[in-house]
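Remarks on the structure that follows.
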Amino acid sequence: MRIDQRKKDELRSVSIITNYIKHAEGSVLIQTGDTKVICTATIDEKVPPFIKGEGKGWITAEYSMLPRATNVRNPREASKGKQGGRTLEIQRLIGRSLRSVVDLKALGERTIWLDCDVIQADGGTRTAAITGAFVALVEACKLLVAEGKISKLPITDFLAATSVGIVDGELILDLAFNEDSSAMVDMNVVMTGSGKYVEIQGTGEEAPFTKEQFLSLLELAEKGIKELIQIQKEVVGEIELYLPEGEKDVEKNG
Amino acid sequence: MRIDQRKKDELRSVSIITNYIKHAEGSVLIQTGDTKVICTATIDEKVPPFIKGEGKGWITAEYSMLPRATNVRNPREASKGKQGGRTLEIQRLIGRSLRSVVDLKALGERTIWLDCDVIQADGGTRTAAITGAFVALVEACKLLVAEGKISKLPITDFLAATSVGIVDGELILDLAFNEDSSAMVDMNVVMTGSGKYVEIQGTGEEAPFTKEQFLSLLELAEKGIKELIQIQKEVVGEIELYLPEGEKDVEKNG
Amino acid sequence: MRIDQRKKDELRSVSIITNYIKHAEGSVLIQTGDTKVICTATIDEKVPPFIKGEGKGWITAEYSMLPRATNVRNPREASKGKQGGRTLEIQRLIGRSLRSVVDLKALGERTIWLDCDVIQADGGTRTAAITGAFVALVEACKLLVAEGKISKLPITDFLAATSVGIVDGELILDLAFNEDSSAMVDMNVVMTGSGKYVEIQGTGEEAPFTKEQFLSLLELAEKGIKELIQIQKEVVGEIELYLPEGEKDVEKNG
Amino acid sequence: MRIDQRKKDELRSVSIITNYIKHAEGSVLIQTGDTKVICTATIDEKVPPFIKGEGKGWITAEYSMLPRATNVRNPREASKGKQGGRTLEIQRLIGRSLRSVVDLKALGERTIWLDCDVIQADGGTRTAAITGAFVALVEACKLLVAEGKISKLPITDFLAATSVGIVDGELILDLAFNEDSSAMVDMNVVMTGSGKYVEIQGTGEEAPFTKEQFLSLLELAEKGIKELIQIQKEVVGEIELYLPEGEKDVEKNG
Amino acid sequence: MRIDQRKKDELRSVSIITNYIKHAEGSVLIQTGDTKVICTATIDEKVPPFIKGEGKGWITAEYSMLPRATNVRNPREASKGKQGGRTLEIQRLIGRSLRSVVDLKALGERTIWLDCDVIQADGGTRTAAITGAFVALVEACKLLVAEGKISKLPITDFLAATSVGIVDGELILDLAFNEDSSAMVDMNVVMTGSGKYVEIQGTGEEAPFTKEQFLSLLELAEKGIKELIQIQKEVVGEIELYLPEGEKDVEKNG
Amino acid sequence: MRIDQRKKDELRSVSIITNYIKHAEGSVLIQTGDTKVICTATIDEKVPPFIKGEGKGWITAEYSMLPRATNVRNPREASKGKQGGRTLEIQRLIGRSLRSVVDLKALGERTIWLDCDVIQADGGTRTAAITGAFVALVEACKLLVAEGKISKLPITDFLAATSVGIVDGELILDLAFNEDSSAMVDMNVVMTGSGKYVEIQGTGEEAPFTKEQFLSLLELAEKGIKELIQIQKEVVGEIELYLPEGEKDVEKNG
């Protein structure tokens, strides 16, 4: 049994509130246990220079924590004058993950910014950010459709993420902060609604791990992500996924 | 009548939720209309170098807005690499205002950090931040008393703030964003529970103003602040104010 | 009697030397007591992006102190890599104040930069900067007229500033550094030649103040500013003020 | 067959030259195909503040590319004034990976800095950096033993890394730049001499991937890393691995 | 004949006003033609870390130009967030030059900061800064003696600097801005009162130069510097130079 | 005799390897003794804004040292967030020197970037960088000719550099690090193949020097540079120098 009485393969309770910030084109407050993240989606009718003129759009993400989201106050990155390596790494991960389920051509020449701001942290902030940002992204895309800017949602699949790890020799799902900080092995998994992997990041800094452990962790993650995607589906309602024209269909060729 | 049907001398509806962030020593979510600010108070058992060894404490503040708190997305100061002039000016104002109602000797050699993060903005974010931060500060000081670190609250008075201005020739209280952006004259007032001024910042960039206008604006502000302090009192409950030993008693000497 | 034998309502001696820097379109050395500020006005035939194409100009200001302008050497902001909050706050104040007496349409699509560099500081540097920058601005505008770029001065009124405060229970005008650092209440006032307020910034960090004190301070400031504007008039000579087309005439509507 | 005639499961030719930089305590030039990285190990008899007094050491890494290591010149991070997200992410990965095979207590209160500078890039620079830095680290630790500062090598296992990916539907080992930039799936694997994983970072930004694909990629990586470790063993010669006292022995408990 | 009617080997008129800034331990306003530089000397009773405990002092310099010192406004380095290469190069030159005529042991464990701020520029700002900073330095050292902190001046020689160059095929002394910007060869020379060189920086970016040209330029410079040192002597009055104990007496050994 | 058995007027052994980095348009590894610098030349078909439209090109340089190029590790400038004064000074020197032997009109509207990265330092890195960068520049220009972008090499002369100095009273050529750090006088000389000076930078921080010493040092430098240019000629082979149309021919007019 875990500190908060959860079973090893049990997610924390999750809630996703949409329309949380009135100005944003899409916005949610996602809570997983005591982790709370505000995710907003902003539509920007420009694209970054490196894809200008290619007839496709872009998805990018920024991540931050309020100074007192954590148990000890973290100095504000704005006042330190730069974003730390952890922040940059996380926001690259969020952007990359979400781009994997968007058909950028179908999005058209525009950028969607996903801002993920952690207002309270208790482990798993990056995976909560991905799970929440996906919903904010869908909401913003619905708006684009409603305004007639695009004809259908450019979303090719659902997407959610969770963490798994080995703590005191036990393989557990959805680590809270105390579990995370004593984990020997720590893994974040991002997966689509059709069960494919988008990102697998496993780290055994405290102790290298075996293939068997790794495969068991993957299974745990898969169980959790399926549940998260179920919750997303309840929140965003019935949506029609975009069918890209086969060019991404790796497994057929594999 | 104003856009949101308010009377000229009417505040927007205000709510102050305490214990909003579980990790912080004091925390509130303050809402004034559609403006929402998270204020946390962090106790740090150190003081800045310039008062080290003087046997007194310090109050300091930081202010920020989430990128999508506003109608148009604002680039994140952390990613721009520096805090803007507006941010620095506001956080200096918040810190100065709150120090005016704290007996720093009674606080002891420690710093209280007040982080004010605007998650949704609709005008009046700096005054909401002051009004909310005061409550977070009181909560943190109560904790210091509860833990036996100080014997009584070092708070010498209540403190709240609001804005007033001249819009289309009308003098109005508590400007929402649309009013603020079309105001000819704009004034922020910070006042104590005993009706004294701590800060008066009046600006007539669009049009200089007369003494009569100015005095009427002050009266409007006073009305609003009294109501805000009434709400603060309901939230923080019965507290005993700290009686400093006369050295701040300017009006007796004046 | 004050340290320097002044009466409570007496300004320090003021001198304004024009054409102080040969390259600038307008320039002055203003001295108020031991405070010395070089103010230059630079005409730039461009406007900032946010008003491009609106057919109007812009006034902006920058402020700095030489490292040894003060009693103790201040590290150079250029070598620290950023401007501090105080600097940014002051230069925003200077720019805002001067814009209030310029008809930006009449100025035409150009920017006037006002650089205020304190070479020796003894209190009141920001108000001296405003008072001096006004003269530099007028000189630059005269040049625009002389060169035929605009047909008349876009200046709508005179403008000067001073400080007032409460020191040892006494209300005094034009605080020198020693007075300023022991003031309980400190106020900067910016006023036009026709006696209207442009900025009022009163701070009671050390002790909140009453409305009576506040009104007395305002009167003191008014007396000082009138004298300063008299000196400005002697320096810039006879000038014809610009009559805007009523849209700024707040008090008529008020 | 691949561009450079390699088989799908074939590494590029690898060479590791030790003692490459005369000043460093350990240094190598590692070449994998046309990728060339200088790795130096610097012994610093201090530890970072967060582990001071804990009786253990630290391993940290920095990574950079010469501006013209790549086909198109990259602006120098020193002249841009900050390290990019990719750089920070890579140097965090290198540090974390190497710490996983060092017994930090056995290292003693000192830091080893690993600087990995890419002088020519052709894909796989981060994995080459890890493989090379391991050798530089061993050389520096040998020096510590030779100087009597520690009694035995604090290295608990060998460590190397490689990349695998899916290109045109083919699963291939050790991607050169052209392969990497057209890969649908891209994975970096860091593994120990005893065949355990330290880091697995798989990314399917261009196309999500299945578990079957993932497992086949892992096997490819394992084959490559075993060959790399064989080369490392030839370079560093006979060394005795450090046997930690069981606390890291995850799989026994698993 | 030159633009300003000077002869080829003629300095511009020079004036050095001491006690220019009341707060500084030493200060001058030096004018050479239209170039005006404020030089202040600040005594700091600390030394930089790299010479701590060596029983000797340090001399360091900073250099800056007001934005409108030049014909076209230069953006402020503080607002750009960093000092440019030209600034850093000049302040390194000033510091190095002045250290060459100070016996750092005799100065004792303290630093003298020399701030050179150009308020109006017309060529030769760096050499004017050196010539003026020398006087400010002497004034500060006199104060140290007067306060009994050191027993005699630690100044081993006089020091001044000027520029020479080749313009339109003519070799000329003390270049004004217009001459400097059309010079094919440009040289700055720093020399002591006893006629030895401290710095020679000759640049032929526009055209390489011959040894004969070079020697003639050196002679011109020598003539100018002798005159500058004569002026310095009139300003600082009779001073006794410090006789170091032979260890710097290169030419005897040479 | 010197530490490394050299005679006073003897260069260290020099080697210049071309085509060292496969991606660059020109590249060398230059070694002078234990100093090793990678110099790459990058052709960029743009020019900086300040010469746009003038029908001529530009040469610019950047310089850096790997952190462990030196005996003690130097913190990376990219991680400190800015380039130091020494770096900026050196890269300005390199750029200026190379521009002196390029006919910028003949180069056409393009920029050549010279990146000089010191991978191992033992004194004389800036002069080795100049000597090596010249060869990389020639290689890049040959490529421009080969590709038909320009009709002949825009190189007007050969160019090399070395250091000379006074150590223990002896005048020596090509100082290694240990010699450099104990030198009383230190001088860098940049000279063309036809024996003219481009830069002379002599510094007597530790001890001012006489004209006789200076002239002897110049002669030593000339001897060394002639040998270096001989080596360059062997490396780049027969090249035809560009004959500019007299406008740079200073000595005729002198």
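In this document, chain identifiers A, B, C, D, E and F correspond to the written order of the chains, with residue numbering beginning at 1 in each.
Here, a residue touches a chain if its C-beta (ideal position, glycine included) is under 8 Å from a C-beta of that chain, and two chains touch if they have at least 3 such contacts.
Chain labels with UniProt names: A, B, C, D, E, F = Ribonuclease PH.
In this text, all values refer to a predicted model and were calculated from it rather than measured experimentally.
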Shortest chain-hopping distance from subunit D out to subunit E:
2
Subunit E reached from subunit A - shortest hop count over touching chains
3
Same or different, please, for the subunit B to subunit C contact, judged on whether over half of the interface numbers appear on both copies.
same
What's the farthest chain from subunit A if centres are computed as the mean of the Cα atoms?
E
For the sequence-identical pair subunit C and subunit F, what is the superposition rotation angle on Cα atoms, to the nearest 5 degrees?
120
Go ahead and note the Å separation of the Cα centroids belonging to subunit A and subunit F.
51
Geometric centre distance via CA averages, subunit D-subunit C, whole Å
60
Cα centroid separation, subunit C vs subunit E, in Å, comes to 35
As a quick test, compute the distance in whole Å between the mean CA positions of subunit E and subunit F.
28
Two or more other chains in contact with one residue: find those residues in subunit E.
81-82
Quick one: what's the order of chains around the ring if we set off from subunit C and go to subunit E first?
C, E, F, D, A, B
Please give the residue numbers of subunit D that touch subunit A in the complex, ascending.
82, 84-86, 88-89, 91-92, 96-97, 99-101, 157, 166, 168-169, 171, 184-185, 191-192, 194-214, 218, 248-251, 253-254
Considering only the defined contacts, which subunit C positions touch subunit E in the complex?
21-24, 27, 34, 38, 40, 42, 44, 62, 64, 66-71, 73, 76-79, 81-83, 87, 113, 115, 117, 119-121
